[in-house]
Amino acid sequence: MDAPTPIESSQAASDAKRAPPSIAWTELPAPARMLLTNEFGLIALIAIFGAIFALGTPGFGSQFNLYTLGRTMAIDIMIGFSMMVVIVTGGLNLSVGAIGVCAAMGMGWLLERVGLPLPLAIVGALALGGALGAVNGALIVRSGLHSFIITLATMSVFFGVMVFITRAQAFRDLPPEISAFGKMRIEGYVSALLIVSVVVGLGLMALYRLTPLGRDMLAAGAKAAAAELSGVRVGRIFVICHILSGILAGVAAIMLVARTGAAIPSMAGDLGQDWLLPAFLGPVLGGTALAGGRVSVFGAFLGSVLVSELTNGLLQYRIGEFWLQTWLGLLLLLAVLMDLARRSLLTRMGSLAR
Amino acid sequence: MSSTLSLEARGIQKAFPGVLALQDVTLTMRGGSIHALLGENGAGKSTLIKIITGVHHPDEGELRLNGAPVRFEGPRDAIAAGVGVVHQERNLIPRFSVGENIMLERLDSGLIRPIDYDAVHAEARRWLEILELDLDPRTPVSQLNVAKVQLVEIAKALSLRSRVLLLDEPTASLTPQEAEILFRLLRKLRDEGASLLFVSHKLEEVQQICDEVTVLRDGRNACPSRPMAGLGRQDLVRLMIGRNEQIPDWKPTDHSDAQTMLALKNVSTALGHANIDLAVRQGEIVGLYGLVGAGRTELAKCILGLYPLTEGQIEIAGRPERIAGVADAIHRCGIGYISEDRKQEGLILAHTVLENAGITVWRKLAGRFGLLRDETVRTHVSPVIAELEVRTPSLAQVVGNLSGGNQQKISVAKWLAAGVRILIVDEPSVGIDIKTKAYIHELLRHLADEGTAILLITSDMPEMITVADRIVVMDDYRIKGELANSRRYTEVSESIMALIHARDAA
Amino acid sequence: MTAAFSRFLRTDWFGPLAIIVAASIGISIFDPSFLSPFNIQILLLAAAVNCVIAMSQMVIIAIGQMNLAIGAIGGLSAICFAGLMQVWGFPPILAAAAGLAIGVAAGLINGYLIARTGISAFIITLASLSIFKGADLGITRAQPFYNIPASVKAFGNTTIIGPIPWLALPAALIVAGMWYLLYRQRIGRYILAVGGNANAAELSGISIARTVISAHAISGFLAALAGIMLVARLQLGQPSIGDDWLILSFAAPVIGGAALSGGHVSVFGTSFGVVIVAIITQALVIFHIDPYFVEVVLGLLILWAVGVNRLREVRFQNVARAA
């Protein structure tokens, strides 16, 4: 490769510190490269834990448990996606849970009170999710403030208004089709919900790989100023990312309704806070850069799969229950530390290869 | 206290991931002298300073204070050993007062004994007075202009009573009068026995106040520490760039018959520009010269539609246009902008060559169903990358891993790929090596000859005189005048300076 | 006189104070009982605990970070405090000391991880939020501790004189202490310096790691104190203590003019922010508005406050450029 001429060395040095330190990454032999990818690590972990749980507890490998696992997993994956699409912008969306609940309650209202047919109600719910996402996006872009504080505030506003309007009453008389879909099994152990997540994941992959819009999102997220001066309409792109996040949160919430059979205001905890951990776990484990501009849809998918698997396994061992959150927190911590170690290893291998 | 302290850096080597920043560099500073450290951008001056002040640790080599080896674990150790520094970046806490900033590392308090701000400000005032700086130490730093901030930083370094004082471009934002006060002070410190290291791009200043000189080139000593006496400006330049300054012998051409591609008519902007008239014709390179802060980059951004015009209008190829934003400027009006701030505004360093070079054409290249494949972009971008001789292992290389010169070529490449008719180029040779700089100059000339209208913003006088057909001078957000480029350095630079200083007479 | 007055107007706490005065007058016109001693006591009780919670977040905002875990730390300390008294019969003082020590330790862990790994405070504290909350639920099995000594209950529910509750005492001490710390102590200045310009602070020889760790330890201490105060006030060791602190902990400092990018917070502004939130909550009760509406109002308050701060920031920069 072209060794940088030493003359601009200090220049390049300061660049190198900011850029991902994988300078000789492309020089590694292909198998080594594959072994060091985040996705491979996740697959290995999923397999190892799968084996441990399957051997250790009789319940884990059962057809019914795998089906149940798939149902929770599908929802966690979708929650992770709804966060991932804003992490791409270098921001975050604390209100995913609140938006999700609003969308679910909106659907319940459209079905029970307005009497819309199910497909229309779903469209309405997703539109509501998208609209709330648009509010987030517009506030962030207009104010120039960080998405953290804006979505912290809107999380409170959205949730509060929802509870205020619904009087905290659940919608339980939903059409049977929706729970039927939630209960649907393919080949006995694959939940239909999981298919939805896979399809959405493929769609997101296509978005980032094959469309100018997806590329604009990544460019704007990596370096907004540079993207803007290259003709990317950064503000508009950020708003679209938040709309997408709102819609995906809506999808996740509808899937949750399909699983539980009712739209309940507390389905994501107070203010929707219970979704935050799964929302970040998937993408962060999956190697989506929190600074923005880099995404791994497959990684986020695998990350959520791992988290659901661990949760399920720990519950099977009966050590989960109350301590579950602690384990998940430790997992998140471990994941970010491992990622750090992996990168420094890559850097060291990179400098050795030279 | 008149003890002198000499500082020596011996055989310093420093590598960053991917680059060797310094190789076997030696620097000897004696007490009672002002030592110049010279070199081009990226030659390793700042890295060397950061090693001497404990910010970085050398991979090899050692520092000696008065002959005894020392090792600084961090800036604190260096400060304690009497090594003070004024860094190039601004390093004050904006919301704190001037006095607290000066005394920051010496704020003292006990559990029941609060910080004595009267004492802090009184002590700070002493150092401000030494610099003849009439400034209340209680003023928040955020309310100072750049020059004052610079002087406060110098006061801060002085207040540490450093016997070794390193100044990295201390005069970059000072007026000549302020610089003169600083020089008087530096001479006084030297006479008291301090060792001073002075880094500057202004060779006149260096020759004026420095006794000794070390030149770095490509991260090595181009000359070890030696007396300044007997070295002329050309000698210094030769040491810095390895050969004489060359000005290519391009014939200035008259483009007055060509079509005006970009015209500003009596434009005033929200950023404070007033009554700007400017025209760039097809095939012409118009240089926009001015000092830092004259409003040139800001004008470029107004042309791109980032900030609104308050008066006047912009004409593109003779037609009045309202430019709504950068996307509009690029895709409808064919205006490209190469930013002076390559790392923040020019390129996405974490992304690949392909993504950076193709960003301007994604939407144009998208095919059926709005889908876009890497192959399509590659086909479109490869010829340009090849034409510009970008040295990269592949189009999949991350741009941040390329050299500054190659990065700059990519920021040009994306506009070539977009096929713009008007190119605004802002300080194109900041942070790139001499060879690439010459190449970029040739490229600009070549692009102009092929029919692009180029507006070149630069503070680099030789660059301006080398490349521009016509020079427009800007100061304080106004156009001060215009002159044809005769390519005779002294004559042109004097005319430019006369235009800028006309402000004082007016 | 006018110069002094205009400086007064520009302080961070003037706006919130004016709102408090105006709101108090306005509400008491509709309902004179708003300014009754009983009502003031309720107001002060709510404000006392919330003030400590807000300070716990404020010190982290000062270094330009965020701490999602304050609620979890507060909850964990609270149930340890209650649990030690109920299960092992610790005297309240010792149990409180242990609770505070747990808070400091939790803060130290947060700070250490952030400073040493360089991973964003958001992710670290999200992880530790989950860890501490899980420990809280794991220890209590989600059941409260009921046997709280009478002295502790009294501390949380009686008054010193007039309408001033005992709980206001630690809150007032903390406000004064935070002011002293941030404006008159070296560590406080360093916290603000690191928040204002970390690079500059480092080049001045300030250890960023040590400063960040200290700030998180202080934050942990305050979160623990708030948890303990809540045990006294609620008269039981609820595992759910801390679950609803997050929004408030950001709302009050932001209303008080804190810059979320770090380097600038206002102790008094934050305190007044807490009082504003308490008044609004009270007002909703008085006007029989759905209490759920508090969340909406809190969210809107944050949006409004960050908007105002943003405008001030822009003006602040313009002043700097004009000078």
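Lettered A, B and C in written order, each chain numbered from 1.
We take it that a residue touches a chain if its C-beta (ideal position, glycine included) is under 8 Å from a C-beta of that chain, and two chains touch if they have at least 3 such contacts.
Please read all numbers here as calculations on a predicted model, not as lab measurements.
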item: Longest centre-to-centre distance from chain A, chain (CA-based); value: B
item: Pair of chains whose C-beta contact count is the highest in the structure; value: A-B
item: Whole-Å separation of chain centres (CA-atom averages), chain B against chain C; value: 44
item: Where chain A and chain B are represented by their mean Cα positions, the distance between them in whole Å; value: 41
item: Centre-of-Cα separation between chain C and chain A, whole angstrom; value: 30
item: Chain A-facing residues of chain B, complex; value: 16-23, 40-47, 217-220, 304, 306, 325-327, 329-331, 337, 339, 341, 343-351, 355, 359-360, 362-363, 365-366, 370-373, 391-394, 396-407, 414, 418, 431-434
item: Chain A - residues contacting chain C, complex; value: 92, 139, 143-146, 148-150, 152-161, 163-164, 168, 270-271, 273, 276-277, 280, 284, 290, 322-330, 332-333, 336-337, 340
item: Touch list for chain A against partner chain B, complex; value: 1-2, 4-23, 26, 206, 210-213, 215-216, 218-219, 222-223, 225-233, 293-294, 347, 350-351, 354
item: Chain A contact footprint on chain C (complex, rising order); value: 66, 113, 117-120, 122-124, 126-135, 137-138, 140-142, 243-244, 246-247, 250, 254, 260, 290, 292-300, 302-303, 306-307, 310
item: Residues of chain C that touch chain B when the two form their complex; value: 180, 184-186, 189-190, 192-193, 196-197, 199-207, 263-264, 316-317, 319-320, 323
